[in-house]
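Look at the two complexes coming up: chain A is in both, with chain B in one and chain C in the other.
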Partner chain A sequence: MKYTSQSVALPYFIAAIGLFVGQIVFGLAMGLQYVVGDFLFPEIPFNVARMVHTNLLIVWLLFGFMGAAYYLIPEEAETELYSPKLALLMFWIFLIAGAATILGYLLVDYATLAEMTGNNILATMGREFLEQPLLTKIGIVIVALAFLFNISMTMLKGRKTVISIVMLLGLWGLAIFFLFSFYNPGNLVKDKFYWWWVVHLWVEGVWELIMAAMLAFVLIKVTGVDREVIEKWLYVIITLALVTGLIGTGHHYFWIGTPGYWQWWGSIFSALEPIPFFAMTVFAFNMVNRRRREHPNKAAVLWALGTGVMAFLGAGVWGFLHTLAPVNFYTHGSQITAAHGHMAFYGAYVLVVLTIISYAMPLLRGRAANSQRAQVVEMWSFWLMTISMVFITLFLTAAGILQVWLQRVSDTPMPFMQVQDQINLFYWMRLWAGVVFAVGLVTYVTSFFIKGESKPLITP
Partner chain B sequence: MTPLSASNSALETTARRLPGDLAIWFFILAELLAFGVFFVVYAFTRANHVELFNAEQLTLDRTSGAINTVLLLTSSFFVVRAVQVAEAGFSRRAAPWLAAAFACGAGFVVVKIFEYAEKIGAGISLSSSTFYMFYLSLTFFHFMHVILGLVIIAAMWNGARTGRYGPDNMNGIETGAAYWHMVDLVWLILFPLIYVMR
Partner chain C sequence: MSGTFTKAMARNIFYGGTVFFFLLLVALTVDTTTNLHKSDNSANLTPQVVAGKHIWETRNCIGCHTLLGEGAYFAPELGNVYPRRGPEFIKAWIQSQPTGAPGRRQMPQFHLTDQELDDLVAFLKYTSEIDAQKWPPNIEG
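Coming up: the complex of A and B.
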């Protein structure tokens, strides 16, 4: 750690990991509810568990991105953070608002929560991933603005690198597209149309910029490859991401009431979306192969390479699987979508946040790298979580193919719930894979508490 | 060393240097890839609906398409002249060439707007038919690229006027020129493919 103000990243990373654990607990509960329908009913019904599972994911990734920005922007700008106090204040506001929202979901029923939080003034609730009460949404905007102000001012007073510009571009985009969560037209088609401006343009647009910047930062640090080379790769990746991802939004507009030309636009542009992810894979491996130093933090290198591979598989390959309109005609909203969602979020965004945590956390705790023993445990957690996520994805894909067949392709289509009975076995298998994932996560958390002789910090 | 081999080696050094910024080439390749996929999809779709495509192709205004082809080619020529003049060390003299290039590009936009107005007046939209979907999408994506190109040429014109370019500083003008030639190139495929080829 070169600048003392970078230490504000620490609470952000700790909160991210804590909320990650919460997300997986609810994921397991839901996985069980798929096969034991009345598990935890009526205390935590499936829809509430799902809302908590997805909202916690988004919130902890946001904590991760903010922590990453507070860590890497001062180092890139070669100056202290504009206001560490503001960063800490925003941390507590975001954490308390986040916790209060989750408690709201769990303690009162959703309609009452909506009534209590002013949904009648401006109706924004009730939409997948954007379920947050109006107050929470306003809170997110305030925190995001204060955060952007803080890091933009830091960059303005210091060195401006391609990495920090791309990172800021992504974060500003994140905040701007979130504003569409306040727009909730009565027309259901229009509602979905703009809803995707938040959801798609985040994960298949501006978040890719954030991810590429974070990956580039860690790769510069652990490989010692020239900044110039890494910056050229960044150009390629962000260009490809924006050229394909923006109009690629169209692949969500099939058969939801939008005009038919979206089938062409969506299919053509989104078919190219795997390319930036593939570029990221090649980028990560290429940089590590050309490394000029052996960084003592081997675990961070593993996470970075894992991000490259898993993001391409989850977002690129599993996304392409059902992105062409004629294919999506059958697979729309099936378990194939769930399979893609799981591996894409894990491969791209979970792994990139864990990459920067793995790199920065030892430095924040005053050492270049963790002890050999701690790193081995951390690498075990990588393999446990990654392999079990591959299996979760494969089981859901199998369930999805069977579901599409029985429900939509066969000559004698079966009703939805009957099909769900038929694919029960795959849900059980998915649940067990989920248990292994949880074991991996516990292993991951444990790795932070393993002592041993660590590599001393040599300040350059 | 004979004069011939001297000029050869000079040629080799110029050939090895990438004109313009590397980033613009990534951008150009990404753009060409997206247009390329669109063209291929058009070709396959046409093969399945030859009669519809042939019939509706006749409703397109080939004259305005031809005028636009001439305008873009001329515009590209003017940009080439501007680059050559700048490389010879006369940045300010590049400005009129760029202004002429801008005028031709603007001419393209005007012709295209008339063409669109006529089509929209006839009640044609993206949802009219598969052929019109392709015609409007492809020409409109290209149209947007022309507009971006004009913004870039305007910036280059401003740079040339203030004497920014010269043999030691060709990056900006070459970068913009490369983008403009890409816009031109895409049109040279788009025009015959959509308007003419049967």
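Coming up: the complex of A and C.
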């Protein structure tokens, strides 16, 4: 850590990990509800558990992105953060607002929550991933603006590197596209159309800029490869991401009441979306192979390589599997979608946040790298979580193929719930894979508390 | 990457490509919006349908069901539930929840009034008449 103000990243990372644990607890509950339907009913119905699961994911990733920005922007700009106090204030506002929202989901009936929080003034709730009450959405915008002001001012007063420019472009894009969450017309087709301007243009657009910038930053640090080389790669990757991903939005416009031509635009461009992820994998391995130093933090290198591979598999390969319109006609809204969603979010965004945490956390705690023992435990957690996520994805894919066959392809299609009974076995196996994931997560958290001789921090 | 391909070139391609493809997305969006009335069933978008959409949203139906294939995958697709089950079945079903059958997936009781039930059914009818390019493949959704 070169600048003392980088330490504001620490609470952001801790909160991210804490909320990650909460997300997995609710994930397990839902996994059980899939096979034991009345589990926790009526206290926590499935729709509430799912809202908590997905919203916690989004919020903890945002904590991770903000922590990453507070860590890397001062270091890239070679100056102290514009206002560490503002960063800490925003941390508490975001954490309290986030916790209050989750408690609201769990303790208050959703329709009552909507009434209490001004949904009748401007209705924005009850849409997938954008379930947050109006007040929370406004809070997110305020926190995002204060955060962007803080890091933009930091960059403006210091060195402007490609990594910070790309990171800021991504973060500004994140804030701007979130504004579409306030647009909810009565026309369902329009509602769905612009809903994707938040969801798709986030995860298959501007978030990829954030991800690539974070990965590039860590790779520069752990490999010592020339910045010029890494920055050129960064530009190439994000070009591929946006050139394919922007029009790739069309793969969501096949069956929601939009014109038929989207089947062509969406299929062709989204079929190219794996390319930037493949480039990211090649990039990560290439840089590590050409490394000019042996960084003592082996775990961070493992997370970085894992990000490349798993993002390509989850977002790239599993996305391509069902992105062509003639295939998607059968798979749309099935367990195949769920399989892709799980591995894509894990591979791209969970892993990139854990990569930067793995790299930065020891430095924030005053050492170059954790002890050998702590790193071994951390690497175990990587393998446990990653392999179990592969199995979650495979079981859901198997469930999805059977579901699509029985319910949609067959000459004698079966009703939804009958099909669900037929594929029950795969839901059980997914649940057990989820239990292993949770073990991996506990292992991960444990790794932070393992003592041992750590590498001292030598400031060059 | 060879020395002839410089960082400045990569940067220019990034900004040029991004602006070009974003403008293309905007152009396609404008075209979609102008032609949307042909497929979006907006001719039948009555105040009652809008009221029904509000019920749909404030009960977080999307947390279990899909609607035109989007949502959660825990419970049946409802984009075509109107032709599949008909209005009376839908209302009776919602009113009789939860079934309480041990071990089975449960749907909450939402205590909707008759008016709210009618609004919701109107919304589901309107949704089923959206031209979704013949999706879903069959009546089971």
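Going forward, the second predicted complex is superposed on the first by the 460 of 460 C-alpha atoms of A that agree within 3 Å, B and C clash if a C-alpha of one lies under 4 Å from a C-alpha of the other, contacts with A are read in each partner's own complex, and residues count from 1 in each chain.
Methods note: a residue touches a chain if its C-beta (ideal position, glycine included) is under 8 Å from a C-beta of that chain, and two chains touch if they have at least 3 such contacts.
Source: prediction; values computed, not measured.
Counting the residues of chain A that each partner touches, chain B and chain C differ, and the larger count belongs to C. Look at A:W264: by the touch rule set out above, it reaches chain B but stays clear of chain C. In the superposition on chain A, A:G366 makes contact with neither chain B nor chain C.
Touch criterion met: A:L272 reaches chain B, while chain C stays clear of it.
In the superposed model, A:A123 lies in contact with chain C only, and not with chain B.
In the superposition on chain A, contact is made by A:T239 with both chain B and chain C. Legend: residue contacts after superposition of the two complexes on their common chain; A:G452 is shown touching neither chain B nor chain C. Of the residues of chain A, those at positions 232, 235-236, 239, 243, 259-260, 265 touch chain B in one of the two structures and chain C in the other.
Those residues of chain A lying in contact with chain C across their complex are 33-34, 36-38, 41-42, 45-48, 50-51, 110-111, 114-115, 119, 123, 125-128, 131, 162, 184, 186-193, 228-229, 231-233, 235-236, 238-239, 242-243, 246-247, 249-250, 253-260, 262-263, 265, 329-330, 332-335, 337-338, 407-409, 413-417, 420. On the side of chain B, the complex with chain A involves touching residues 22-23, 26-27, 30-31, 33-34, 37-38, 41, 126-127, 133-134, 137. Interface of chain C with chain A (complex): residues 1, 5-7, 10-11, 13-14, 17-18, 21-22, 24-25, 28-29, 31-33, 35-36, 38-42, 45, 49-50, 53-54, 56-64, 66-77, 98, 100-108, 110, 126-127, 130-133, 135-141.
Residues 232, 235-236, 239-240, 243-244, 259-261, 264-265, 267-269, 271-272, 275 of chain A touch chain B in their complex.
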